[in-house]
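Shared between the two complexes below is chain A, which pairs with chain B and chain C, respectively.
Right after this comes the complex of A and B.
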């Protein structure tokens, strides 16, 4: 604490005075996101103001979880929480400003992904995740729109509203976590004791989605999700996943045969499919870890991962920059039109078309659940 | 075990909440001195809106009763000890699961100790701060309960005692932002409990007396609990405190753990470790909790030297602060 002030209130005021809010970028039920800057350095920031007006039990769990997690994490592939301050009854998170996310990139059909691009995103994502797991933290909500992308192409893991520490075998955790399509089979079967392997399953789904350009396991309901998984991956045998029947909701499922994955992932190398299979292994104990995934031959062999600044990105989200050009210099100028054109408003901002689309699909409910009410997880 | 210390060095606990004995004592003295200044300033302000004569007596009385940094600490400690009692209340009413008890207790205690590095009891008396720290700790340690559930056992206990005051939701929630900002929004706290479990598992391959080891491990919880009220957490790492507590338990159970330590650590680091463990054991055994009588006496003095600017019952507060509408907990009405 470099500041000379001793009192908590004074330190808080000093922090608040460092930043200037400029304009509202988006608003959700849980938070309002503002564009702002650090007054002295002029660094562009996003200020996420968490509203507490209708929280009957004070600060809610997702705010607590997010602040608790991000205050401890420092990594190039994890969103930086620069500062936190409170103002009357709002909690303000000063975050690094990031203007697009992986979901927007995947959905932008004008962009062509090369295998080296996918490798680059996967490497950055796994590095960020590995750091979380090394710090004994589970993210528990990995999906493309929780990976934000910086102007220089760096992928950043964000939204830690469901994150919690793990590793204490004596403590039960909720199985009602992770957005459905990315939810690991053990969670769907009601496991209350799990590890980083649940995040890896989600990463495996994202890996597949990057290759397919569409969600890999889009179950229409929680009930159907497991069937969707089994249909796509084959129903696991007792040998393949010995503990399965012992889980709270484990029972005999319809037996689907194992399909040929290489048919579906024709554009992917053998190594890519091998790593994907290791991430989507049914038995959580045998599922690959983030650290081991990074050591997989897929990353060591050619093609080399694309340099982050050369990765494809949506044209309209850049301030005058063009696809494929170095992203380092377009950060500073922010005129209103550019800002308005930016679709990316963090996951709490629902007023853009993509969110509306997802809402239609009934997808929103799962995600919002934990923001609007305080969950006992 | 090799990358463990480096990881710990990245935590906010290591980076922002570590002090030497001198720096800690200096901070508390300075904090107390500024707090005293605010009390006297507040009383002079109050004199402007209140009757001159009563104000003069009030200032004279406050000056005589101002708490020293040591008295502040003793009072805080008394309420820290109460956290232990509250934990058992919530456990009995099944609002806290057994697996969450240690962490909630240790985090609540830690929050309160950190809070008073950035505040003084003149501004915020420890009774309600303790409750807010406790409630915040349940959230932070994934043991959330609704505020009504949190209040109910307190109200029941107060009714049973025939207490005049009744704790309300707002007493707890109204201080939540004050507490969390004083914690610098750093909520992850590491305790010796997890570390000692790791050591226990590790020791099983080195120590043959399994029963004695098990008994020692069980007994260690007692010494870890004692360590929580001390300042050890500001000077040492959780794993070191864990091992210090374990040594005390081992002494009691006649278990030799030197063999384990000599195999686990090289001679040079062992020398340093032994010195640290001695200091920790010393810190745990010499710590004396504040007695009821001491606490009552300090509480009595505190009534006379509270900062009226922060005291909702003071004349100053009623005539100025409350009039401005600057009450701490209102619905989200700010316009920005």
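Right after this comes the complex of A and C.
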């Protein structure tokens, strides 16, 4: 036993000695992110140091989730977890270094998106997501700033702090997950078991956001989120979403008519709108899967998706550098209990200046997109 | 170029028979030499004047089968046998939509499957077997593959243009060759007469021996004609080489790399195809009885797939080649 422990420690030390920390990129409540490099190959890495000292109940749950998920996944469109080592009482995740994220790209108004660019991002994102779902893993926190962008333009799915396995009906899952604006209606209705379709809903919202350059469904509170969705997409009927009332929080909602979806997306092609509609279908059973979405004619038809190297990217990746690996502030303890996730959302909105700005932008977008006007009463 | 296209361009004469009779106005070819018999999409014939009489005002029913036809749909018959005519038209139409080439497929098997499907649709249309479904399949295919169809059509057009260009150039080249040959003959003739004339003057004026003069002149004659011939031949070879070069560099592949077929759902992993049974007996699983799961998208089938895949995970997966995933962004 003793020799084994020593061996483990030696391996750990050896791993640690492979990397050198350079400078601090950002700090959150639960983790600090450093820029570093692999000493031999000089490959740039991000080292996410998770503080353990102030934990009441052992290791932070999101760190466990992240390591568990990333150890399973290896795909060109998923962030690579290169190594894990411990140092005194902290856990260090060595992740590949990526300079910017999709949120920064969306917000940089000096960048112009061509339809082919959006297609390229969507294709890379869906490939990464499809891989997760094939491994029976839900990301559960898809939003533009969790899609990091590598120097060569490759989009990578990151921040697996909320990821978990799905498919087992016997284990209940929390419905308090996913950043509010990207949360699927079944989660808002309190479903305790769900599938990859919740990630697809978020992808649909991101698709719409890429086209609009503003959040598509910016609800002000959890309850209001559902109203925002219904206002934008029409309240689903019992035919459209059978069993909706059987969900824990299902009750009779205010009936909104279905607005003409394509009116809002004039710049998008017919196929793009069709795919968006399929991703934002109310009934999760009918919602398109990541694999099927990739087979949609939208991707096969012209224009071809832009090559990743040619995609627009912000001139300064400084902000991206600071947020590097999904930002330390992302790493918050969210177990399957409501309190923690409430706290997390609270933190998201107030801790982060970016988030506050985003909120403002969202409100503007909401004003601009008054769905009730365009729809015939 | 297809038979039909060249027929439209009047390169192939339309089919005519001496005993043609218009079934509508009963006028015969014997009395009306220039009569044009046209065939409609329902393969009923009519002469040109009958067609314009009947359809000039707009779509009208065919007098035989009552199908609504338009004037533009009538065309001149090319083949004597109308079933052949029909088949050629159907195949032409199918080829417009189903124009994928072998290079659009990653594997030969996929290409063969595709050809099989196309042939199946064609035969359905040919033998009037479930045409509605065939039409639906064509429409669906068209909608799903607009980009590839358009790309291949433009490729086809480009190929045709290149072919036509090559053909024109070949014609031109032959014409030039003929002219050059004639000019050469004329030149040689002139040279011969020149030498002959100079020989006569030399014989008349020179003091040398007549035999020597004749010998020298004959040598000169041979040399000159030989040299002109070889010179022109060399020049011709050169010209041909230049022409051939031009064909090749006809900007054939300006962005062939950009147009290489790609698969949106490409993955570095080989999918492991696990066939599920239709039904599994799982009496202990009561979760699905309560309802509510379906509304969240959780289906019995998904759950079963999860359990089976979980049980078999990794069994059929080959270890990944490290190079496949060696991150290209390693800095």
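Everything that follows uses one rule, which is that the second predicted complex is superposed on the first by the 313 of 377 C-alpha atoms of A that agree within 3 Å, B and C clash if a C-alpha of one lies under 4 Å from a C-alpha of the other, contacts with A are read in each partner's own complex, and residues count from 1 in each chain.
The definition used in the following text is that a contact is a pair of C-beta atoms (placed from the backbone, for glycine too) under 8 Å apart; a residue touches a chain by one contact, two chains touch by 3 or more.
For clarity, every value in this text was computed on a predicted model and none was experimentally measured.
K.L.:
Name the contact category of A:61: first (chain B only), second (chain C only), both, or neither.
P.N.:
After superposing on A, A:61 lies in contact with chain B but is clear of chain C.
K.L.:
Is A:170 touching anything from chain B or chain C once the two structures are fitted on A? First, second, both or neither.
P.N.:
So A:170 meets both chain B and chain C here.
K.L.:
Going by the contact rule set out at the top, does A:127 touch chain B (first), chain C (second), both, or neither?
P.N.:
second
K.L.:
Regarding the shared-chain residue A:23, is it in contact with chain B (first), chain C (second), both, or neither?
P.N.:
neither
K.L.:
Should A:51 be classified as contacting the first partner (chain B), the second (chain C), both, or neither?
P.N.:
In the superposed model, A:51 contacts chain B only, not chain C.
K.L.:
Determine, under the contact definition given at the top, whether A:285 touches first (chain B), second (chain C), both, or neither.
P.N.:
In the superposition, A:285 touches chain C alone.
K.L.:
Looking at A:255 after the superposition, I want to know if it touches chain B, chain C, both of them or none. Which is it: first, second, both, neither?
P.N.:
Neither partner.
K.L.:
Let me check the overlay on chain A: which residues of chain A are in contact with chain B and also with chain C?
P.N.:
Touching chain B in the first complex and chain C in the second, residues 74, 134, 167-168, 170 of chain A appear in both lists.
K.L.:
Which stretch or stretches of chain B touch chain A in the complex?
P.N.:
Those residues of chain B that touch chain A are 3, 7, 10-12, 16, 27, 30-31, 34, 97, 99-100, 115, 117-119, 135-136, 139-140, 142, 144-147, 172-173, 176-178, 180-188, 194, 329-334, 336.
K.L.:
Per the contact definition, I'd like the list of chain A residues that touch chain C in the complex.
P.N.:
It comes out as residues 41-44, 74-76, 80, 96-97, 123, 127, 130-131, 134, 136, 150-152, 154, 166-170, 186, 191, 193-195, 197, 241-244, 246-248, 250, 283-285, 287, 291, 294-295, 297, 299-302, 304-305.
K.L.:
State the interface residues of chain C toward chain A in the complex, per the touch definition above.
P.N.:
143-148, 150-151, 258, 262, 264-269, 271, 285, 287-288, 291-299, 302-303, 305-307, 309-310, 320, 325, 327-331
K.L.:
In their shared complex, at which residues does chain A touch chain B?
P.N.:
Interface residues on chain A, with respect to chain B: 1, 6-9, 11-12, 21, 51-54, 56-59, 61, 64, 67-69, 71-72, 74, 84-91, 134-135, 164-165, 167-168, 170-173, 374-377.
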